[in-house]
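What follows is a set of structures for review.
Below, chain A partners chain B and then partners chain C, in two separate complexes.
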Partner chain A sequence: MDAKYKVNRLQTTNEIRPLVDKHWADLRTAKERGELVAWASGPSFIFAYAMGMKCHFMAGYAAYCGGIGAGEEVLKVAEMAGDLPETCSYHRLHMGMGEAVARGIPINPQAILPMPDLMVAGRLCPEMSHYAEGLHRRFGVRVLPIDLPAVVDMEDMPRIREFVYRQFKEVVIPTFEEVCGKPFDYDRMSEILSVLKKVATLRNQCWEFFKDKPSRWTLWDYGVSIAPVFYLMGNPAGVAYYEKLLKELQERREKGIPAIAPDGEKYRLYWDGWLPWAFLGKFMRKFIPHGAVVLCGRYPWEFFPHPELIDPEHPVETWADLYYGMESHLVYTFSPKGTVDLIGKLIDDYSLDGLIMFSSKTCRVMNLAQPEVIDVLDKKYGIPGVIVEGDMIDSAMISDAQIETRLQALYEMIDSRRR
Partner chain B sequence: MAVVAGVDVGSLCTKTVILDGNGKILSYDIMRSGHYYKGAAEESIENALKSAGLKKGDISYTLGTGYGRGAVAEADAEVTEITCHARGAARLFPEVHTVIDIGGQDSKVIGIGDNGRVTNFVMNDKCAAGTGRFLEVMALALSVDIGEMGDLFFASKEKVDVSSMCTVFAESEVISLFARGHKKADIAAGIAHAIARRIMGMVGQVGLREKVVMSGGVAKNAGVVRAIEERIETSLLVPHEPQIVGAFGAAIIASERMSATIG
Partner chain C sequence: MEKVLSKIAEVTSDPYGYVAGLKERKNKKIIGCFPMHVPEEIVHAAGLIPVVIWRGNEPVTWGHAHVPPYDCGITRSFVDDAVRGKLSFMDGFVFHIRQCLQAGEFPFIMERHFKPAYQKILYLPAIYPGDATRDFALKELESFKTSLEDFTGNMISDDSLKKSIEIYNKNRSLMERVYEIRRAKPEILKAKEVMQIVWSGMLMPKEDHNELLAELISGMEEKSITPQKERIKVILVGCLCQTLQFDILDLIEDLGMIVPDDDLYIGSRYFANPVNLNGNPMKALADRYLTKSPLCPTKGVWDIHWGDEAIKRMRDNDAKGIISVRVKYCPPHTCYYPDFRSKMAEEGVTEVMIEMEHEIISLEGVKTRLQSFAETIGGV
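Our next item is the complex of A and B:
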């Protein structure tokens, strides 16, 4: 290791915590105020928000639990209750929380959520079905399953988009109307989408600062800034947050301040798969001392990369299009072909040196074909990649020595190609 | 030119190679790592120095590698065992494009480009299946010396399948095969084929490109070497002392860094 690299922390990212905490506190206390609560997996939470329900989203809860350091204790409860450690840790986390409440096992009170009046299981992967089924069987939760098929070829997109759109219109919306006892609030959905459009536009401007050499911020900074385009959707505070972040990044550019001191990065990296929510700091400490900075990734790039296509005047149609449209097609990036297309573009746009494929040991979807993806991209762009195994929240699935060897080997491969 | 050392601290064994200024091996040492990696590294360097008739101060640059690379107190730098195995194998066999390394507790397959540099790799370091430790446990279950396992392969007459990949399950499978009257040699061959099957999957991920070098302690087991050759339908190049390829590679890199500093 040559230079002594250190991270230059952003000020604005400190301001996300109160917003996030408020979201979860509101959700925790919703029942006390007589509000209805939904849980959701896949892109269905916006319908709950439009109806004024408090709603939580599977990965969002995992990110939150990771952030407050509650992941381990909740997972332990799930294991005690008989959930297998091979089960997706998002799934286990929710079962653990439910079991802790049902059995009166003390866990971090901030991690306790009210059981939902409706669970919308948007099934992007088989595990989401099991998760919903578990909630219904074990806790008597009402479940609305909807299918969100994978798209392997773009030519299948229009007909799958139609199938998904019809589920939104013919199943999801009527069910919310029935649960809430009122007509669906299309106006509110439009408002939420207008705010999202603004936030995602600002966020895209912030993404431009990843292109600077040296980069002005890291994927980890963006990881903690995801909530405004995710479960804080529709909250105008997200606009203020990203305005401030954009200003800070602009100032950094003007003053020549890089994301990592003293002079910026030696390696510019891509991150595939989920973010390791409970271990963001730990991973950061594995990169920064080597002068490595992770700049972009598939999952964080899922959150509405094309705000220009958001049409708040046609809320349900645009929502279906964001996931299954011909131009913005978030679900396509789950397929190996879509992954290759996306990463190829990111390699060009962000001048990447190497790829880290984070393979969650319990995820059934994100790891698909990672070795082949590395191979194809290496042949096309001459960029090496490594697979790093771990988990988003379960430390039992993380081996420091194994991860460090793979990362160091990646740096060595990049160095040897530079010579 | 300066004398340098490469020290490979593996989970089971620690290896040291000392090179003279012309890149010639002056001495090497292989010893069990035990539980105290730092002590093992020191002792192994000491042993190698002694065989070469040198003393500590004669070494101008030391490079650590292997899982315990951080424990080499003398090290001027650390490089992963992946790069070191590739460099060691490429120096011994310049035409190499794939390295299969099966060590004490891990196995890896490394793809090497025309310039001798790593292109890609896969590693199994999560469980002992198909590693040296696996063979040790199997030798115990068969009540044979680990050194005999390779020869037994060639005495096998009947095909016996050892289907378990997990060391613990494979051990009980071996015991039950024994109880069913299968011969030691046939079971030993079944074990070698089980390892080969696992390696085959890793080779598939990296992509087989000849020539293929096998390194690591398990390369001393001729039965496993043959079983892998049969699976991948290619003959393997096995160095005279396959266990020191990583340490040798580390010493080569140490030499280059030394000349870069001087030059």
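Our next item is the complex of A and C:
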């Protein structure tokens, strides 16, 4: 191992934390200001924002808890309340938080959220329904469920798009109107989408810097910058953030500054699966000393690769099309076929040397086909891959020794193929 | 009765051999339907033989390279069977990929390792409010029907579908009768035999199964039972998608308990709710899928409680406790379970949960749990 490598930290990414903190602080205090609160999973929060509600987002909350180091204690409360450790850790976090509030168990106050006036359960994954059901059964939360099927074959897309669009029009919008006591605010949804279009366009320009050799930044930087395109959607601060980030990356390019000092990376890697929010630093420390950098991934890239398709004039239609349109079809990247297509392109465009497939022990949304995906891509592109087991939040599911061994194997496979 | 039971045991002791032989004997194609919600009637009406995929009887071997250890037993066993070529007698597969995350990636694995002549993905919806849900469920079933028509080259008429539904409904009512007699005379069948009876119906053509059931029922009706000693009645709940190890069922009985009824998938859930034969058969099949009870935790239902249903079943049968059988790494059941258990506690019902893995690690742990459960409810 060569100890010479170290990270060149970006300045702009330091600005994300205050934005994110403000979002969650606003949510925590919303009820005090008499505001309505929603919780959301799947891509459903935009409807709450359009109605001026403060809204939580399931995965965003998990990332936040992981980021503030509150994950473990909240998971412990869930376990105490009977949730089983093999349950999705995002699910357990929410149960734990709800139980902590209901039973008066002290946890990090930043991790406590007000119970929602409405929970929008976008069932992209069945677990998103299970957790909403659990919250309803335990705490009487009102649930607005929407089925958002992950599509595994493009030919299935049109009829599923129709189903999803009808649910938006016939169930989601009327329910929000009832809960908020006012007509649905299509204009506000359009505004949110206009901001999103700008942010996503800038973000995609930033993404292009992964093509540089050496890369100017890492997937971890990209991952922590996700909030403005996601649960901070419609917040103009996102535009300013990405403009600044783009400028910093451009400067790096001009000055020849790589993501890792002194001369850039030795291994350019793909990362599959959710980001390990509570362990970003841990993984970074396993990459950098080897000169490895993760550049592209399936998860953070999946949002809005085609901002040009966002049509703020037709907000509800465009929202359905972003996920289920034949051109944009975000949900397809969850499927193994979609993944193979996506990673194949990434390997070519970003000069990748290897693949890390992060297999979450409590989330089975992608992990069953990961060995197959490695095999297909190895055969087609001669790129090796390894599976790294773990979890996004729960340290009990993380084995340092196993991660080290698998990563070492990957580095060695790449070296041997280079010889 | 004994003859029927031994025929049934023969089928379930070697499902691979039985189904492969069936294909030869009937000269028909076999379509494997991944449990739990594929409407087999449509496959039947297409002139094919639907069989419900099962958890195999061998430990996972090659499958280790294809499926993580933290997936449920039937997932691991099915992938293992598929990559080892043990299912080569099957002509096609149907996967309802929205019931849980495990099922979602089967089609890709199958295409790579099996290349079935026919493969269909169903996206049956959660039972959520709004007309869109029912319309979409119907569209899914229509697309299933069309795909089978394309595969066989034959149209499926409403009449032929109704005939198939009649055969399936007949099977449901016969199974219901078996359960009715068992409720009245629980000693008449061992729990293992009941599971074999249901499971054999998932493997055999329903016409053949119906004949066996008719014979079995007349035997059961005639047979008088004198309970040798007072046994403690318990209800089994859960075990989605897969057969419970017979050793565990025997253990329950060896510990002095008896099972008069169950809420298992390979049990009463499989044959619950006949399809309404009046009107459009496709709509009727969609309606059956969209029925909320018996509650299936894969269907997104929260206005009724699984715990209430289980408690009612327990009380109706004058049983003293509930044994939850949870398949390890089955998220739908695992996520529901804490609330199920709370409901038991609220209602003062004694309940125990046993975890079911594909490879039994040790029966000792299960035995200890069941023993103390039996003691609590007044058994041994």
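The rule we apply is simple: the second predicted complex is superposed on the first by the 416 of 419 C-alpha atoms of A that agree within 3 Å, B and C clash if a C-alpha of one lies under 4 Å from a C-alpha of the other, contacts with A are read in each partner's own complex, and residues count from 1 in each chain.
Here, a contact is a pair of C-beta atoms (placed from the backbone, for glycine too) under 8 Å apart; a residue touches a chain by one contact, two chains touch by 3 or more.
Bear in mind the structure is a predicted one, so any value in this text is a computation, not a measurement.
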| item | value |
| --- | --- |
| Side-by-side fit of chain B and chain C on chain A, or clash | clash |
| First (chain B), second (chain C), both or neither touched by A:I146 | second |
| Which of chain B and chain C A:A81 touches, first, second, both or neither | second |
| Chain B versus chain C as contact partner of A:R137, first or second or both or neither | second |
| First (chain B), second (chain C), both or neither touched by A:E389 | both |
| Contacts of A:D400 with chain B and chain C, given as first, second, both or neither | neither |
| Touching partner for A:R123 - first (chain B), second (chain C), both, neither | second |
| Touch count on chain A, higher of chain B and chain C | C |
| Touching partner for A:D378 - first (chain B), second (chain C), both, neither | first |
| Listed stretches 24-32, 60-68, 114-122 or 240-248 of chain C, narrowed to the one that overlaps chain B | 60-68 |
| Touching both chain B and chain C, residues of chain A | 371, 375, 387, 389 |
| Complex contacts: residues of chain A adjacent to chain B | 371, 374-375, 378, 384-387, 389, 399, 401-402, 405-406, 408-409, 412-413, 416-417 |
| Complex contacts: residues of chain A adjacent to chain C | 81-84, 86-88, 91, 95, 123, 125-127, 129-134, 136-138, 143, 145-147, 149-153, 156, 159-160, 163, 166-167, 170-171, 335-337, 359, 361-369, 371-372, 375-376, 387, 389 |
| Residue ranges of chain B touching chain A (in the complex, touch as defined) | 67, 78-83, 117-123, 125-126, 205, 207 |
| Contacting residues of chain C [partner chain A, same complex] | 65-68, 70-71, 75, 79, 97-102, 104-109, 112, 121, 123, 125-126, 128-133, 135-136, 139, 143, 297-298, 300-302, 305, 328-329, 331-332, 334-339, 341-342 |
